[in-house]
Amino acid sequence: MADLRTTIGGLTLKNPIMPASGTFSEELTEVFDLDCLGALVTKTITRGKRSGNPVPRVCEVNGAMLNSIGIPSKGVSWFLQNTLPLYRDYEAPLVISISANTADEFARFAEEVSVPGVAAIEVNISCPNIEDDGKAFAMRPGATGDVIRRMRSATHLPLWAKLSPNTGEVVEVAQAAEEAGADALITANTMLAMAIDSRTGRARLGNIMGGLSGPALKPITLRMTYQCARAVSIPVIGCGGISTVDDVIEYLVAGARAIQVGTATFISPSTMPRLIRELDEVLDARGLRSVDALIGTVDVTDEAVVVAECVR
Amino acid sequence: MADLRTTIGGLTLKNPIMPASGTFSEELTEVFDLDCLGALVTKTITRGKRSGNPVPRVCEVNGAMLNSIGIPSKGVSWFLQNTLPLYRDYEAPLVISISANTADEFARFAEEVSVPGVAAIEVNISCPNIEDDGKAFAMRPGATGDVIRRMRSATHLPLWAKLSPNTGEVVEVAQAAEEAGADALITANTMLAMAIDSRTGRARLGNIMGGLSGPALKPITLRMTYQCARAVSIPVIGCGGISTVDDVIEYLVAGARAIQVGTATFISPSTMPRLIRELDEVLDARGLRSVDALIGTVDVTDEAVVVAECVR
Amino acid sequence: MPASPCVVPDSIPHPYSIHEVECRVKTHDRVNGEYRRLVLSAPRSVLDCEPGQFFHLLCPQTEGFQPYLRRPMSIYSYDRIRGELSFLYKVAGTGTGALASLQPGEHLNIVGPLGRGFEIRREWRRPLLVARGVGLATLAPLASECARLGRPLTAICSARSPDLVMSTDLFRSFGAEVITVADAEGNSDVGSLTPLIEGLIRTRGIDAFFTCGSTRLMRMLQVIGSRHGIGGQVAVEQHMACGIGMCQACVRPFLRDGGAVNLRVCREGPVFDLHEVL
Amino acid sequence: MPASPCVVPDSIPHPYSIHEVECRVKTHDRVNGEYRRLVLSAPRSVLDCEPGQFFHLLCPQTEGFQPYLRRPMSIYSYDRIRGELSFLYKVAGTGTGALASLQPGEHLNIVGPLGRGFEIRREWRRPLLVARGVGLATLAPLASECARLGRPLTAICSARSPDLVMSTDLFRSFGAEVITVADAEGNSDVGSLTPLIEGLIRTRGIDAFFTCGSTRLMRMLQVIGSRHGIGGQVAVEQHMACGIGMCQACVRPFLRDGGAVNLRVCREGPVFDLHEVL
């Protein structure tokens, strides 16, 4: 049996498998023992109450899905009083995903959720920044650095910044988050997309546009994981389209120190425990003693025939 | 039989189906009569000779592909002397895709290819701008506007700007291209992605990263098509993951005035003529007299149950 | 360190109430032009069901249909002794189109049982079931439960045409008095049904409504119920992703404590109080 | 205005040389542990083939394998009279794994014939074929063509072990003198083959080399060929997307006119001059 432990910032996880925000809740306790997971990650919450987007909130596309759930939230006090206690008896560390409309609000919110029982804060910066024309924080290095910096001085909990695939400046955003004091990065959130019913001509989401997740997203977020793992020295957590143990290995090899499973849990609610077991089996079969032995080992040397330098 | 004609800038196409750059060449004459197409679009050429990227240059991922062909090019004089004459006898308008490293070079190049037989210039601005740290022109509104503006004063041919899904500023880039004098937009080029062989740990492309195309790209480029069609008044040409007539209809409904077929031609070389026939059949079956009757008709009104405004 | 202490093979009974299991198809028949009945051989672990609950089905990948998400389907019947679970469904699109290709002997992956089922309150002695279309599937196990609890039952079954009215024999076998109505016969509209139902309230002493399958009929029962002080329950539908309460895809607004709240159809439902549906 | 004048149904003969057709599987057999032979019933339109050409196969979607791109496969045999086309392939990964599931009676979509085949030059009177592994598949129709043109043929067939050496009977039926070598027998390495081949040059007057399936053997033949002034041809492989020359995926560097040029394996090849492969 291999050593599946991995370290994210100050936190040691017993294995690198955890849920992605918004695709996990306490209801999963009815499927398996949550304590087998490396960590638990909540759906993003906001300080105030929010209702989320109009229905339909999900639809499927070629082997993947779109969602426009939005961030329905019962607010911070409901969360602290009702949700937090549910996780008290689990030893798997609890990561709280939070979102806010301004850097200041993010900081105040971080302070509020820095309570016993919370092991780390995941910063969902894919939400619109009302001080920047509604552009999501994660679109720009400046806005990202700003949010993380203010949060950094408001809490001693580890801060995990969740990046967006919608920006053209992935590496710059990652570096800004690191520099501002983030303890880890998550690559990545969903990609903005759209689906139309060709028969009726109707947008298939009530919100018209929504986020692409599932297998179709993997080549994009795997690329971001590789780019970020090379560009920063804080741990990167891979996320996007993971449903098989091969997917897990590819992310680890690309440089991720842990991974999050999202949509796959909807397709098979027991995906995460299966991946933990299979990862262990693969490591054993390859004679590897630990997950560490895989991380960042991607082979990019070019043994292949290189094409002729000049075309005539 | 419906009227399949569509107008892109000054150019009337006999139907809205044309190939995407880099997925078409004169060899397709051996499969069907190219004159059935709305237009012909060449692989991107550069002025000088280039050899392209190391192999492997392609790989497949979940129902889609990655490529890192690069832009191997035999240069402009070879193109004018050898390739151009091949298309002389086709009535389908010929669109030349070009790329360059600076705005100036783009302009000079546009002038050079403004010769009889060329109906329009497609501007591949997904290539690195050496005057902007190697960021592709299409990543930023400023660089995009600059390129189009200089080209606009160098040629009277219609200019079609091909946008990139890698930018976080799709709408701003689209508007910059329009303002600078582009006659049409293409949404979009491939999305930067990566694949790793989980068994060997090797990057599956010689160039490590490459462009995602095929069905997995569709929800992203369909969204860009919708965003751009609403934001500009020049025609938008949809491109990304089109392989069925439903795909064609979805792009038209989203606001595209024509569409380009890329990877699907690799899977079935007779995809384009099939789509033309099937589009005609669908219009007939729906009692629509022209393609125009579909364009931009997406229904985004919200008949669905709207969720309660407040969550308690 | 044991690597994955949590992975309990499904063959071993475990304390979790939601199960993901592969079931063998026993039979799969057309009921009429539009509906099919799928009977699975199911393990005991998933057969602790209640009428009104549902399963989430991983429809197969076929040449023509490649569904990705699961599809929710009400329990049409469950039988712990025979180890059987069945669904009655209408072929609607990609998922059900793929489902229709399943052959006896093949396997189907299902997750469940899910959601909150019907509750037959003590004070509800003379229930009326009003079902339309596929709503019959959802109400069938409720009829069986009414029979078990010794509640005399009346059922109105509605469809587009008389040949699409299903399961009336099944309902009769549970001792129900069955009234069939059809659009093609002109007796299925609200205008015809309202006096019929108000007549039943008078003659049979109906004191609870259960319905599924038609928003129009639900609204009608809300009106009649308010007028006569009759309560009841309704099973509703909504697009789902996870089916177990995690994703918030399936919310609808409901009236609770005097205000509108969004509730998850997969978790707080699919059965709700008749009068709280907005 | 006719909407799509270009769409010629494939049943009508048309002047295009590359065809996309659905072919019925006639037989599909294991040749040995690793290789399978797939025989298709093919229309006349795709049977104007040359030895060395290939088809691009749309491997089926199965439960376990979902290939997306086509897979290139050399023609193992083509028979215009019987309307037959066959392939000999090794199960390597996703695509060939899916291909292996095809049953007689099922259909396979193929595009071809593609590429440039072997050319048996006038001056090449005593060819030697050197094949390894699946290279045998590619060289088989060439052997048939040599027989037709009355060229006495010698063939060296190499494999890991003697039981994997295939098609020797087929080669013999074309009148070839067949020499089999195998790694397991220690006679397949360059050190053993070089004297064997130089012996054949002396005794049989070999004046041309044809090879496929091993870079190591190709390099060896380039060396021997240079020493003895003997030319020849080689069929090479490369990852492909379009297979018909449009995408530039399949390039490799070749020596032409004293310089290195990138050529497309699918178009300028897959058969190249032995001495131009870099």
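We just call them A, B, C and D in the order they show up, numbering each chain from 1.
The rule is short, and it goes like this: a contact is a pair of C-beta atoms (placed from the backbone, for glycine too) under 8 Å apart; a residue touches a chain by one contact, two chains touch by 3 or more.
Computed from a predicted model, the values in this text were never measured in an experiment.
A.B. asks: Give the chains in contact with both subunit B and subunit C, ordered by label.
C.D. replies: Neighbours common to subunit B and subunit C are A, D.
A.B. asks: Quick one: which chain's Cα centre is the longest way from subunit C's?
C.D. replies: D
A.B. asks: At what distance in angstrom does the C-alpha mean of subunit B lie from that of subunit A?
C.D. replies: The computed centroid separation for subunit A versus subunit B comes out at 31 Å.
A.B. asks: Where the CA atoms of subunit A average out and where those of subunit C average out, how many Å apart are those spots?
C.D. replies: Inter-chain centre distance comes to 36 Å.
A.B. asks: Centroid from C-alpha atoms only, then distance subunit C to subunit D, rounded to Å. What do you get?
C.D. replies: Comparing mean C-alpha positions, subunit D is 59 Å from subunit C.
A.B. asks: Centroid from C-alpha atoms only, then distance subunit A to subunit D, rounded to Å. What do you get?
C.D. replies: Inter-chain centre distance comes to 47 Å.
A.B. asks: Send over the residues of subunit C in touch with two or more other chains.
C.D. replies: Those would be 251-252, 262.
A.B. asks: At which residue positions does subunit A touch at least two other chains?
C.D. replies: Touching at least two other chains: 51-52, 55-56, 61-64, 72, 305-312.
A.B. asks: Under the touch definition given earlier, write down the residues of subunit D that touch subunit B in their complex.
C.D. replies: Those in contact with subunit B are residues 1-8, 16-20, 58, 66-70, 94, 109, 111, 238-252, 262, 267.
A.B. asks: So in the complex, the part of subunit A that touches subunit C is made up of which residues?
C.D. replies: 1-4, 14-15, 22-25, 27-37, 43, 51-52, 55-65, 67, 69, 72, 214, 263, 265-270, 273-274, 276-277, 280
A.B. asks: Spell out the residues on subunit D that touch subunit C in their complex, using ranges where they run on.
C.D. replies: So the residues of subunit D in touch with subunit C come to 61, 63.
A.B. asks: Quick check on the complex: what are the subunit A residues that touch subunit B?
C.D. replies: On the subunit A side, the touching residues are 49-56, 61-64, 66, 72-74, 135, 139-140, 166-169, 191-196, 198, 200-203, 206, 208-209, 212, 215-216, 218-220, 222-223, 226, 241, 246-247, 249-250, 253-254, 294, 297-300, 302, 304-312.
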